[in-house]
């Protein structure tokens, strides 16, 4: 089949799977995951889902939606049924400052060496943006995922706010996120028009308590408190796909 | 059976299907699709659904509801179960200008050659209306679909607005849609009284990112921001029915 | 078993069924329907449900709830599972005018021959009421059904309105309905205390577009716009029970 | 196992069951019901559910939760699956007058023989309270059941009302109920902390229309109109357990 | 696999299970529970769920999420399907007084021996906190569980309240809880970011009526009345895992 590449961003599918311990096909599904991830920059994070809302989860990402779709179908041909899935594209934040805004900020602050500082800033932003659009996800012990939308209620309608108000609200939100830098890696992907929810939040951390702390702290932030609507929450223990399959009972554990 | 033709508009059924890889009957279902589309203007768009809310989808349209119903039943007799379906009829917009309104607009603008311009306008509108009522859907790489209703909440009640207010709100909405002309083809079908939702929006685009962009941009439009209620969103990769069947695992891929 | 007859009204069950093409028992279910309808005034309307929210539907009505319940169980013993069902009783409208109100209206209008007009009116009302309580449903090509309730939200609480206000709102609603006389036959049945919804609306029409038009037009009426809450909508093509069974794949089509 | 008896009230479980006509075990389930009801005051009301939200229902009550739980498990070991269940305890109303309130009322009304009237009242209340806490349910042709909660919305928050206001609202509600005395027997059981809903309403009547009339009339009462939130409604035809099993197709009808 | 220990708190999984009486594997699941609880401080409370929302329940807790996840998977490999699950971590209340607040309170009250009283207070708080973070759950006849969130509605938004206002509201709530000391043991665990709900409430009592009474009384407290949103409620009879398995029909009852 022909590739289907979005003009901006990579495709992402979060799959939450129920395993049928008596059905065959786990080895084929595992081989399909390995074939997929053999092509750079295609990635898969596998995890055992805590609780019983699903048995295991896969976060699949890459630039070609057709390759992602083929992998999803090969996985579902195995001993799995989807309990939940979420489709999104990586995307830039529309609320990051422009170079002109940053220059104005530096000048207003009376900073020396404005040009050099701006060059540094530009490099930092380029890296940040590239990490959002073309992420290379590190391995952490735990993963959290939830989809969300912005509220459109009378009196609390995100989409009726002017851009500047939204930018300021998001800036405060981002500041909370930055206090968790190092402890929690956050990836926001966009799904308006593609999924029932508008954004997906993927969190990676070695300390599972950090997943609770960051979301709890953000809930007091006005963006979440007044404008956030949240979908189902999933938390998992990250492991190799083969280990996640074995934990779910569809493959013998590795020797 | 006797034909059942609506006095205005064609029937449309969007089917989102789960495939049972072990069940027989795919060849018969495929043959039924081919028989159906052999009769002009009956059409079917097949697509592999991204994520796992369904395996594959079919958008079926034509003037005779009885023929559509027979095809749906023949498909469901195959190795498929419906995860979701949506029933609607193609319809004209009630908010397009009348010839008198267009003449008044031209005269107010002091346009020369009002009669000639009005004739052009009439021809354009006739084509536009015919494309809404009797659509010939082009093939694009990606398809998006979602049903929607207009809000009836205290203070934000679409059905309590006067016609003129609704017409103006819809005109702004349409202007956003026109900026995507060429990139995204949009078909709005109506289902009040026929389905849980009031309208269905089908989007066709070669660039999947465009499906996200147009819906995101429209969400800031007052019609969506204040009056839109949205159902489930589906996005798929368009392919021949046989390819969609093969992708879903119920048919051998073509050689 | 003993009969269970409501002191007022007939029982009505709307059944939306999924057919299991591989299961036996269709002939027995069909025979049970025929036995039921052999007793006047027991009636069954069968239809193939458009889309895939169900495969086929049955609207069953009659004066004895026990006979209706036996038929429902005999149908469910066949190759069917219920996707949805709705239980109600036929009932009179509490908002129709009384003879005194009609006499006052005639006198206020200065009508000659008040007594004769009142006698005509009484006869017309008796027929209308009998058609609501003891309906004989005609055969039309298409059927629509949806359950509904009246809103009980702060500021838009139907049950907090005085009787006179409700009567006036319902009168306006009825006027819209009457403009569809001939095109759409409407039967309202009541289910407060019997079903999750408070009323069921059954629409019969030869033109499926009329089902959309009447419900769409009524949605702008204040009763629907401000006080209507709607459940799932179903639309079907009316056919003989045997044809509906055959269309759903559980019986061979008749020769 | 040890008995588990609430310090106040009896346990009640309403079970709405789907019958699997091909599965065994109906005779064992029936025998378990008979064993349970052989011990006074343990009771079971069996009914065929109208419509298809369930096939049959059982209302099980008695002082020992452990005995009730064992019966529920023995029933579910039979050819049944639960479509819905509701757990509650019988309880007194907290809004009935105290002896002091009744004495004050009698004195204010200038009633002669206050002491004798109060003694009568006390006896009547003792009977009423005993019938609520330790009910002996009579056999009627039809049963209705629905769970409900009191609203906690801004501006319409039952739990923010003072006791006196709630007592007055409930007194008006009770007056409507009393007009149905004889026609409809009502049992209110409590489930806050035990079930998703806060109370369960069981209605018994020989005339099914009475179930609709009482709930419809109460809906205009302020307690229901402004503060009632209602769960699913079930209505059934009461019969012996063996007859309900036979009607559902899991047992041969008695000779 | 490696251990995954939150930096604060223990992991807790509440599992509500449906038993498949015909499937094998109960003995292995039981052995897995016994292996898990053999390691101190890992604990499991087993209970037969009243009603039919589930057959039996397990509350699993311990410091290592990986061990908990392995046990969940071993249980689900047995004759069980999860009807519901809830994932949380034990946590301290953020609203308990600090030593400085307690000292100020004692001094304001003119208490003699402030230092000694403060030392007692500190010891009491340390025990209370340890019981919340590292609970040793006693055996009681009945268990209640429900998840909950704090409301984020316009005008009733918990997350928009200042800390002091929340602390005072929670203090009133805690006072109600303390009046049930001895009768009802309460454990609050946190799940923001981990589960669809923000907190889980587990109640243990010998008298099932006490579970109803405490939740009912708290519902009038402003924290619940205005800010509480409640998920599904479960109530069960606590028994040994083997007895709960036997009650659910997947194991022979012990001799």
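A, B, C, D and E are the chain letters, set down in written order, and residue numbers restart from 1 in every chain.
In the analysis below, contacts are C-beta pairs under 8 Å (C-beta built on N, C-alpha and C of every residue); 3 or more make two chains touch, one makes a residue touch a chain.
What you see is a predicted model, and the numbers here were worked out from it, not measured in a lab.
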Check: Which number of steps is the smallest that gets you from subunit B over to subunit E via touching chains?
Finding: 2
Margin query: I need the common contact partners of subunit A and subunit C, sorted by label.
Written below: B
Check: Rounded to the nearest whole Å, what is the centre-to-centre distance of subunit A and subunit D, using the mean of the C-alpha atoms as each centre?
Finding: 49
Next item on the list: Mind checking the centre-to-centre distance between subunit B and subunit C? Centres are C-alpha means, answer in whole Å.
Entry: 30
Next item on the list: Could you list which residues of subunit E touch at least two other chains?
Entry: 154
Notebook entry, point to check: When you draw the chains as points and link the ones that touch, which shape shows up: line, ring, star, complete, or other?
Noted result: ring
Next item on the list: Start at subunit C, step over to subunit D, and keep going round the ring; give me the chains in the order you meet them.
Entry: C, D, E, A, B
Notebook entry, point to check: Which residues, counting only subunit D, touch subunit C once they are in their complex?
Noted result: 21, 48, 50-53, 55, 141-142, 144, 146, 153-156, 203, 207-216, 219-220, 222, 224-226, 228, 230, 232-233, 235, 237, 239, 243, 247-249
Next item on the list: Name, in rising order, each residue of subunit A that touches subunit B in their complex.
Entry: 1-2, 4, 6-9, 11, 13, 15, 65-66, 68-70, 72-73, 76-77, 82, 84-87, 89, 91, 152, 154, 157, 159-160, 190-196, 198
